[in-house]
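The structure's right below; bear with me while I get my questions together.
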Amino acid sequence: MDDITVLKLKGISKTFHGVRANSDVDFTLKKGEIHALLGENGAGKSTLMNIISGLLQPDKGEIFIHGKRQKIQNPRRAIQLGIGMIHQHFMIVPGFTSLENIILGSEPIKGVTIDFQQARRQIAILSDDCGLSIDPDAVTEDLPVGIQQRVEIFKALYRNAGILILDEPTAVLIPQETDTLFKILRKLVKKNISIIFITHKLQEVMQIADSISVMQQGVIKGVFSPEETDEQALAELMIGREVLLKNDYLPARPGKIVFEVKKLTVMNSRGYEAVSDVSFRVREREIVGIAGVQGNGQAELSESIAGLRKIKSGEITLSGRRMPALNPRKMIENGLAHIPEDRLKHGLVLPFSIADNQILCTYYRRPYVHFFGRNPKAILKNSRKLINRFHIKARGPEEAVQNLSGGNQQKVIISREFSRDSSFLIANQPTRGLDVGSVEYVHKQLIMLRDKGLGVLLISSELDEILSLSDTILVIYRGRVCSIVRKEDATMESIGRIMVRGFE
Amino acid sequence: MIATIRSFIIPVGSVIFASLIGGIVLFLSGSDPIEAYAALLKGAFGSMTSITRTLVKATPLMMNGLAVAFAFKAGLFNIGTQGQFIFGAFAASVAGFFIQGVPPVFHIFLALIAGGIAGGVYGAFQGALKAYSGAHEVITGIMCNYIAINITDYLVNHPFRDTSPGNIVARTPLILETSYLPDIEGIPGGFLISLLSAVLVWWVLKHMVLGFEINTVGAGPDAARYSGMRVQRILLITMLISGTLAGLGGALEIQGVEHRFQPGFHTGLGFEGITIALLGRVHPFGIIPASVLIGAMKAGANMMQFSAGVESEIIDIIQALLLFFVTAEVFFKKMIPGMRWQKGEKLSLRAGWGGKV
Amino acid sequence: MITASKAKTDSKDRIFFFLSGILLLSIILYSYWISPLVTVAILTSSLRQSTPLALGALCGLICERSGVMNIGIEGQMLLAAFFGFLVNVWTGSLLLGVISGIAAGMLAGIIFALMTVSMKMDQIICGTIVNLLAAGLTGYFYPTGINATGKLKAYSFPFLSELPLVGPVLFRVSPIVFSTIILVFLVHFLLFFTQWGLRTRAVGEYPRAADTMGINANIVRFYNIIIGGFFAGLAGAFLSLEAVGVFERGMTNGRGFIALAVMIFGKWTPIGAWGAALLFGLALAVQTQLQFDQVLSIPHQFTGMLPYLITIIVLAIFIKRNRPPGSLGVPYEKK
């Protein structure tokens, strides 16, 4: 490995509305290395990378590229300097083909039109060069996530990027896809491309990185090579206190069936079958986890169960009663609690107060209404009680939910859903985007609820989460349940394989 | 406290800026802005009669402003208030001359109810289009305005034409005096009813379950669905009530002022409703002063035309500017640097065509 | 799958359009065989009626393809009709009139762009402001007692205009009607085969993706709105300088809004929108002809509201099936 520095940051600071996202950050990237930037959600990693890729301007500090001081005013400049950024949420235009997405912004021109022939040739050359294949005419929104990511990598390579920044690239991938990605990265490094790899996953860092910078609350806590450190040390540095990496919960003592789905078939918004012939049951005091790569029908499954999406055929039974489709209120009144996947869109009304959000599903019932209409006293009383019980950090029940942090917003949803007298809970991606402390909190609450006697359906693309919480694990692949495993018999590898292929 | 000050600064500032620029337009077109505005003020507030005239003009404006604001709460842009207003006016006038032999108070209410129902049904039709087909309410609303004009034009020309001898104009007969709205203590009855409507709208939105549902649908349509609200039905009801308010406005205008329906009256009222709703910060009690203000402009316009020779269309220009300044919060943000702004105060309308509800 | 970003159609739809096209064509040929004069009159009239709608739809779709919802087209047209007419009266030149009409449309576009793109105001309200302002300005400055000074005349292409049916319909036309046909195909080509088109569509679907590739989404939107103003301006000039010959208050009569329905019906593609505009035009022309021949004796108020009714029906049926650009109506803000 060469010891040439390609990128150097000195004293970078950035403040948002009085909150320090980065303070006095130094960072060095050497040619042909994979440098991991490790930190938990909200540590300031993305801010730092957005500064490098020209989306943000630092308040203070200097950036050197190949030893020369540079000012990166906008993404265009970053591209010129050979910096390619692969965002966590892909920057791909959904209706475009791979080809169109790759050339967007750097289109080869012939006369007045785009020279598609030339573009095709260039992509073919790149393909051979790096051993990456891609179908230029596929519409990107129809491609699997792993391939979409490859389109993103192509976008950077097409612009001759020498520095590649990947922001949480494995967050949406399954283990096998992650392995493929790592192979690709290794190949790219051999072509003298330098890579910054942003993540909060410790094992990955140990597996792929040549050097590791740990970031906590906007500050770089140290730079290591994987040989001189271990996961436990990195975790403590990253979180700032001692943590348990493994949760060991008491096993469940399942009771009678509270929820059952029989031969459920659901269409997606585009009119294709997204859930096909799915059957399963959830018992009292049991967590059933649904593992699967995102986009294999989980969203449609949970929406149809919650009464938000039409079902084509099949039946849903809750607490022994068959449920009508498309009637969320009936489901709720029969004992459904629901932590929705998109909490900002479905779970909360952002401009509303905490108090109003906490009665969002019961606003029409006593004591929240009385003869003259709504009963603000009862609503506030309920809210104060819940704020105390669930430790929500807020100025008071009247504070607007949009002013809260992500973790506290999730707590508002949990306080609402867990305080109702329910018998069955769907939790869809309940910890996505939360910091470690909040994740722990949510996990504990789920287990507590289970032990209280509820049946829980946990849908998550984090395999760790599924494995550590669930008593029974279902694997969903292309809308079908492909495997039902007891917790004791499940391993990361076997489930990962089913997640990609549908069988072991 | 700060919030209260803030909610005054923008409307008041908007009025000042819009009048300033309106004055520049006047100056550039060769009129004396000071003379024109003085005439306007005199025409609007110069005497008891002119104040009454201002209140009379403010009445339909307030009803339309309330209608627009009510729909705003559910994230709907009811630009069809004009059509709803026209149908309301027509229905009230038909009820006014058709129903005979009922006591005065009773007749007044019958005609008002007829107007409210006509406007409400038309509003609900547009609400249904939005809720069940996803057709954008702005386009359908404007189309419905044209349709309402055409239909009433036909009705006034044929089945309901005033056939009294000597009449050559297409219009309905005069309504019976039993359906006239009286003045109470010198204040036009219609204005009092519109004040009452403002209080009712405030009560519904602030204290009723329906109000909570409407606010939720406006601020978070997906969350509303998630929580079990029937969003489509709420949209429909919102438009029904909004249309009822507009239709009632039409009835008040017929029973209080015009006493008969004649085509081509009050065009452009729907747009004025939007200006008023936004000028009043989409709050029922803000809409009251806002409509009095615009009412004053309209009441004073004649005087301005008469004594300062200024075309009354200058009012339209000033209104467009008002709408601009009220919406362009950025403008004030830059002017008053110390002011903190909260996201929730921003009006939340549905972006895009909204094919899915 | 129906995607707005590509001129793609379901095969089912394709067959449907193909068959109805053939049906329509045979009806036209049949009626030409029965009565050539009336057929030519109807077709000419539908082409004329469709012109402002097609131009308005072009304005709408250039804005919407880049993510801006423009409901101010009505006002842009009205201002253009007004200024085009005034300049024609002052200078006596129809050409100058058309040019200043276009300029007025683009100027209104700049105002709209400043509000929506620079100030990030709500796009629906901005459109309403443009409409109000146009009504106010044209009303306030409306000069009384000006006489019309002529309008753009039809031009006959040599030889081509002698052809049966297509000759008189397509090659004996007035200039704006004819240029509209060319512009439709030009915009279609630009939108799907050039850099401008690719970037416009990218910004309309997912502006942040475009931004990360160094394309300034807000600048693209800004100039697209101004380009759209060109078409709205031309539509306005058509109304006052080619169709009527004078300016009348509120002469656009909702065409700016109908144009948006036309655009949706045509799935945000220029050729599709043109087809939709022609259908609208045809419906209007047939209706006028029937009225003229006294075949139908429906009161004029009912026939007059036909375009508005069709618009509502089109919106109600097609808005769910046709997918609009992804970022439509949402102001783009960097993080």
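By written order: A, B and C. Residues from 1 in each chain.
Note that contacts are C-beta pairs under 8 Å (C-beta built on N, C-alpha and C of every residue); 3 or more make two chains touch, one makes a residue touch a chain.
Treat the numbers as computed from the prediction; the structure is a model and nothing was measured.
S.K.: Please state, in steps, how far subunit C lies from subunit B along the shortest route of touching chains.
M.R.: Between subunit B and subunit C, the shortest chain-hopping route counts 1.
S.K.: Which chains are joined by the largest number of contacting C-beta pairs?
M.R.: By number of C-beta pairs in contact, the leading chain pair is B-C.
S.K.: What's the farthest chain from subunit C if centres are computed as the mean of the Cα atoms?
M.R.: In terms of C-alpha centroids, the chain at the greatest distance from subunit C is A.
S.K.: So the centre of each chain is just the mean of its C-alpha atoms; given that, what is the distance between subunit B and subunit C in Å?
M.R.: 30
S.K.: How many Å are there between the centre of subunit A and the centre of subunit B, using C-alpha atoms for each centre?
M.R.: Roughly 47 Å separates the two chain centres.
S.K.: Taking the mean of the CA coordinates per chain, how far is subunit A from subunit C in Å?
M.R.: Those two chain centres are 44 Å apart.
S.K.: In the complex of these two chains, what residues of subunit B are touching subunit C?
M.R.: Touch residues, subunit B against subunit C: 25, 29, 77, 79, 129, 133-136, 138-140, 142-144, 146-147, 150-151, 153-154, 157-158, 268, 271, 274-275, 278, 311, 313-321, 323-324, 327-328, 330-331, 347, 349-353, 355-356.
S.K.: Which bits of subunit C are touching subunit B when the two form their complex?
M.R.: 69, 71, 115, 119-126, 128-129, 131-133, 135-137, 139-142, 253-254, 257-258, 260-261, 264, 299, 301-302, 304-305, 308-309, 311-312, 315-317, 319-320, 322-324, 328-330
S.K.: Considering the complex alone, what residue numbers of subunit B touch subunit A?
M.R.: 203, 207-209, 211-213, 215-216, 219-220, 222-229, 342-344, 348
S.K.: Show which residues of subunit C lie in contact with subunit A when the two form their complex.
M.R.: 1, 3-6, 193-195, 198-199, 201-202, 205-206, 208-216, 326, 334-335
S.K.: Could you please specify the touching residues of subunit A with respect to subunit B in the complex?
M.R.: Answer in residue numbers: 306-308, 327-332, 338, 340, 342, 345-352, 356, 360-361, 363-364, 369, 372-374, 400, 402.
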